[in-house]
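Have a look at this one before I ask anything.
Which chain is which? They are A, B, C and D, in the order written, and residues in each are numbered from 1.
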Amino acid sequence: MSSQPAPQPAAAPADPPRPSATPSGAQSLASRYRAVRERSVALAAPVSAEDAMLQSMEETSPTKWHLAHTTWFFERFVLAESTGYEPVNADWDYLFNSYYQSVGPMHARQRRGMLSRPSLSEVLAYRRQVDERMARAFDVDRFDAPLCQRIELGLHHEQQHQELLLTDIKHALWCNPLKPAYRDDLPVATAAAGALDWLGQEESIVEIGAAAWPLDSEHFAFDNESPRHRVLMPAHSLATRPVTNAEYRDFIEAGGYRDAALWLSDGWALVNQDSWQRPLYWDEMLESEFTLAGMRPIDPNAPVSHLSYYEADAFARWAGARLPTEVEWENTAAAVAVAGNFVDQGYLHPVAAQRDADSVNASGPRQMFGDVWEWTSSAYAAYPGFREMPGSLGEYNGKFMSGQQILRGGSCASSRDHLRASYRNFFHAPDRWQFSGLRLARDA
Amino acid sequence: MSSQPAPQPAAAPADPPRPSATPSGAQSLASRYRAVRERSVALAAPVSAEDAMLQSMEETSPTKWHLAHTTWFFERFVLAESTGYEPVNADWDYLFNSYYQSVGPMHARQRRGMLSRPSLSEVLAYRRQVDERMARAFDVDRFDAPLCQRIELGLHHEQQHQELLLTDIKHALWCNPLKPAYRDDLPVATAAAGALDWLGQEESIVEIGAAAWPLDSEHFAFDNESPRHRVLMPAHSLATRPVTNAEYRDFIEAGGYRDAALWLSDGWALVNQDSWQRPLYWDEMLESEFTLAGMRPIDPNAPVSHLSYYEADAFARWAGARLPTEVEWENTAAAVAVAGNFVDQGYLHPVAAQRDADSVNASGPRQMFGDVWEWTSSAYAAYPGFREMPGSLGEYNGKFMSGQQILRGGSCASSRDHLRASYRNFFHAPDRWQFSGLRLARDA
Amino acid sequence: MSSQPAPQPAAAPADPPRPSATPSGAQSLASRYRAVRERSVALAAPVSAEDAMLQSMEETSPTKWHLAHTTWFFERFVLAESTGYEPVNADWDYLFNSYYQSVGPMHARQRRGMLSRPSLSEVLAYRRQVDERMARAFDVDRFDAPLCQRIELGLHHEQQHQELLLTDIKHALWCNPLKPAYRDDLPVATAAAGALDWLGQEESIVEIGAAAWPLDSEHFAFDNESPRHRVLMPAHSLATRPVTNAEYRDFIEAGGYRDAALWLSDGWALVNQDSWQRPLYWDEMLESEFTLAGMRPIDPNAPVSHLSYYEADAFARWAGARLPTEVEWENTAAAVAVAGNFVDQGYLHPVAAQRDADSVNASGPRQMFGDVWEWTSSAYAAYPGFREMPGSLGEYNGKFMSGQQILRGGSCASSRDHLRASYRNFFHAPDRWQFSGLRLARDA
Amino acid sequence: MSSQPAPQPAAAPADPPRPSATPSGAQSLASRYRAVRERSVALAAPVSAEDAMLQSMEETSPTKWHLAHTTWFFERFVLAESTGYEPVNADWDYLFNSYYQSVGPMHARQRRGMLSRPSLSEVLAYRRQVDERMARAFDVDRFDAPLCQRIELGLHHEQQHQELLLTDIKHALWCNPLKPAYRDDLPVATAAAGALDWLGQEESIVEIGAAAWPLDSEHFAFDNESPRHRVLMPAHSLATRPVTNAEYRDFIEAGGYRDAALWLSDGWALVNQDSWQRPLYWDEMLESEFTLAGMRPIDPNAPVSHLSYYEADAFARWAGARLPTEVEWENTAAAVAVAGNFVDQGYLHPVAAQRDADSVNASGPRQMFGDVWEWTSSAYAAYPGFREMPGSLGEYNGKFMSGQQILRGGSCASSRDHLRASYRNFFHAPDRWQFSGLRLARDA
């Protein structure tokens, strides 16, 4: 156990006010709007105009595009609902629509890095203009309940893009042979990882998911988290903490990447095709890794990160365990406070569980939230009774319900007030550029 | 309702003896072995040596390869267990291994069509040699219980390849601009499709899956069907019959292939990339389709077939319904006899539900088995408590548990005695060359 | 120098009668027609119906397709000129057109291997039917001069396909891990390679090319060989013989495939991308090579073969020399008889220059014709004053005049009476499946 | 004929001093060094730091990379020749090496757009540092003759990159749906195109090429232009001016892009695969085109530009003519002054031949230099007796001598003092992003 004092992140982004469970109407929304919008700009601050152009993979987007698209979301889905609305720049509709087919054609996703114009400063000005228009509308209470709900959705949408902004720029900077840092001044913390224990659960009928928002609940949740529904959860055990870098290194050194028997067939094909031999950002010596602060030593006690689903699954098989289902994960998480290492803490990297956390959860689950998204064995699919949001925003989640896996818990790049136990993240099995790790489970 | 007499398929392949629930030991197995092995040869009979070379997609295999690989399975996993076994041809191990990494390296899957040697007649001779060696061993009761189990598995394995042999050669012949038939003399049958009713089910805890074979049950099932386990099934309704060609044509004519809102995102991308406008084998006029008997008129009353998961899902959304989960499907199927239009019937094409079937199931589900595999909304994943078979045969199913969807019920190209309610077939969402259709479900 | 007697090929294909310089009209053409057509069938005789399906690369064609396409050529461009002509099978026009856009649409080149129907025996029957129709027309002197010219062209066309038939089936069989032979009984011959000397030439104006056929000459030549024209040939030296396997092995062992400085940029990219380390068919030990008779020891004295242009060019640079231009090659070849190791000799493989050849050309160039096509540094382009043949046959050569390199001299798979000093063969620089080698040149 | 006064480009980049035929040693070289280096910076001035990141195709490079690579060239090949030289930044060697294998490994070409660091301002500082070191060395006469030659080469190298900087940024900005301009203030000029006449030439032995520099001549030329050598040029006619936009529009409207008979086979494949229907930057209406000043009306009198070799060749065939060989082109150009519409004129776009030019060349060739590079029918190959420069700089030209076509004459984006009659430019036949047009030729 480290005796090091709790870290004081030098320059953590402004922490937005915690949403109360029952937001007190439009004024509280206005304040939350400002806070979330400001955080995006704060997160982009270390990114130069040139960095903000980078699109290193088809799956990622430039920082500038994130800043513009989230703004377009409010303009297109909130402000433009007023008759006679004049957009800030009508041409940008095409540029900054992501995937809303019902709204019109859009710029090809993989060419977002080709947009040197508008410039970063024009995009920041665009943000200010839209924010001013929003502020004026807030001031005169122009937003009715449906629009307030769209704004709420837009803020959660923007928080998702804040996390992508960080993971996308991390990947882009890593592509540069100079391995430049996003920020040089990120704090470091360590602690003993603590023993891995197992939390046993009997078979039982459990309820998971969130009541449908805004119809059945005033607490925000995405449509894909609802309805709340009953599931028969089988008996099982869940590990008290995520797998650490030290444990994952053991897997590598035991030949994990060379033993076909440990891998799903598609994963084994990728291991060979792309010559995977370690997590995405680790160096060949297994000693240092690329972080948002550049190359840094690997902390053996911190949760392992930047794994594909295939790697998480292979590790679990090697360890004589398996990945949890999302039901198992959520059932345990629902009893735990949403606390941990988030973007709010300012590490922007997974860290070993800290002392205070340990004492609180001495015998319970640790690091359920924050640090790393945890791959589950559940494919992304509709819950029984799922209904998409009506209209264009119905394209938000439902149409991606094929070919992806669920991850749970949030990461060091997620906002604390964006998360909850029922939150379902989803990525493709080969994806490795998120802060994605794993927690083991096993049959009872 | 058609008054036409039940069809008498002119040349249906020999119907293998039905397995008794409790096979009476090695002699019954020997007889079943002969029957299954003979059916493969019978199914290949209309295929010329030249046809038997065709590999039209990476996912498909030449007829000759199916004949050889199924034989290699018995040689490698049964006969070669005897010490000092001399293989018929040691070089063929490399050629006819499909995907057993633990057995050694193998010929590249997408190059199977490059194997003009060994010839079809050499492969048929190989089959005879292995069958003789098997027969001799059966005669002297050489197979102990574990080997008998491997033989049982090998026969089910071969039945899977029999279905693939048919769907693969169908696709390969369709690629020929001359659109030649596999057989000219296949019978035709029709009948009224009957009204589509809904079978309602309350929420309840149900048991699905099969007990683990051979450990917990003497009834064969693949490892991926076990363990039998309890699930909370939500309230829902299931359609009494599959979607017909006429219904699917309505979807096409209503612009189903042009409305992004109906499609999963990956499906919409494929619709555009590959210019999908109708099921795989339909002609542009929506009037005739390619069958194993060549181009034939589309029967409006027959179940629609050769759909991808995306098309099945889009149709269901258009129809205001959804696809069933595999739990919903199996729970209903478990109460129904395994009867219907199988390869045994000799149509080798989906047909409208026949009168006798109708009368039996007047108010119950029809065509649960046979005709078309039915896409479910369930991703292919391990059941709680799943254990792979030990050894090389553990590669049979488990390693494919990512990125595929479950289909249920068997088709006009499946053997009746190969199917059961718990049977889980799995293909990738874009795949269309199987006899794959759908049955609607909806929330209660 | 080997004292071994000149080999007596056991089963060389029938040698067609040599064309007299001035063919004595339609009857002589009829006899030549029969001989060329029979040779195609003879060359296909060792190819099974299954082998005849193989298409191992987009650039190659199945044996069956060669047999059908060459027949279609006579049917489409000769027989179908008669009004009211009924084709043997009208559907085959689409299948067996190669690239004549002006004649209509065609089956996709890379899918020729998908044509199991018509069968090989149907194709052979098609050949017989067309040959009978041709014979009947010859008998009644139905062909006027323009049609006789088309027949002459068709025979040279067929001889080109005979060579491709051999190189394509060689590549296809090599793709089979069993490395089966096209024929087991091909003879072997060797001899000392003889010293490599240089034939010096002063700068001079030379004439190359052929007079335009049939307009300006009764001697057949393809349109791309004409017009005969004057060129200023610079002073240079040409090697007396091709580069041998022993010499090429020295290049490999000296690290030729690892030294970027020896390679054209596009070639170096291929060396790395495709991991080229030796000629196409050589084994890793540099000791044996795949031949039409299966794997055989490499004869150090025989000309090296199956090189890409990039390898030929790199070898020449390593040897302190360069490739000849086609002008330099033709100027020397024009003084030499068309003699050497052709398909007629029955080796179907390059062999060391034989004694009698040596004595004849003691101090002159050896192996200018036969054995291996020799890469030249000349890109395939029109001669000054070039005119394409009128009509559809104008598509024969001219439209390929970009992106290819000229090879000269013919190979062990060419017919002797198909070659001449002015003959221009052309392939893409990366191509290696022809019998392609090189002869060195250097500036004077 | 237009009566419009000669245009006065508002903001043409600084015109570097013309090199005298015999440069008066290092001081004159120093002055030329400054001028060329300043022009690069001037050309980059309208490019924002964000624009300077754009790499729209693998074949193109970001502006920033051009600025850095040209600087690296002087540092690596000139300054670093001094023992003990400390590079400005040792890490940049890897980033800014283009293709010099002998110098070490390099950043992947297609990932140059991923380099947000170093920033544009750091790259400009790098330029200044290197320029200062060069200036100091010039001041103390540190450069011996071989280094002066390398500097001379480096300046011509930089001028090549200046042209690419313009064509690359043009393509990159065009990829932006907003179609932003590089500069808004570019001047416009027009004039009558003038009749197209033919300049006849008899067959004769001509000399082309340049004496080898620096060995045989003090006049700079690239190694690929030498040696000067004799060629027999056939009788032919050459058009007095390039093909105009109006003439090319006639070709389009006559169905040129729909007639396979006009096209080389590889070109026809591209026309269909990439749906080519007009020059790269023309709009669908054939009325306006993208220029470095944004979308502008097409001037019917200006030379057509941004054609691939295939389009140039197809147009020529349609016009009953052909492309000239490089010999034919150079022989005519050698008699003409190097004058015309260059980057120095400041249009940065092809313009119709101007009055003064017309009067000078009333009956002779017009626009041989400047406006558009003219595709020739000559493949890029070594002249007889060609020798590459020794050492790393031998990689400059020779290794690209396969698979490309020669273009002659320079363009509106070339520096006048960079051109000469013997200058050989080369691109791949499909390339369209250069200012590439054509001049017709025909057999005499």
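Just so we're on the same page, a contact is a pair of C-beta atoms (placed from the backbone, for glycine too) under 8 Å apart; a residue touches a chain by one contact, two chains touch by 3 or more.
This is a predicted model, so every value here is computed, not measured.
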Ordered by label, the neighbours common to chain B and chain C are none
Between chain A and chain B, the Cα-mean centres are separated in Å by 39
Chain centres from averaged Cα atoms put chain A and chain D apart, in whole Å, by 48
Chain centres from averaged Cα atoms put chain A and chain C apart, in whole Å, by 61
Every touching pair of chains is listed here as A-B, A-D, B-C, C-D
The chain B residues in contact with chain C across the complex are 48-54, 56, 91, 94-95, 107, 111, 113-120, 172-173, 175-178, 180
The residues of chain B that touch chain A in their complex are 99, 101-102, 203, 205, 229-232, 234, 236, 260-261, 263-268, 309-310, 313, 322, 325, 377-379, 381-382, 384-385, 394-395, 399-403, 405, 429, 443
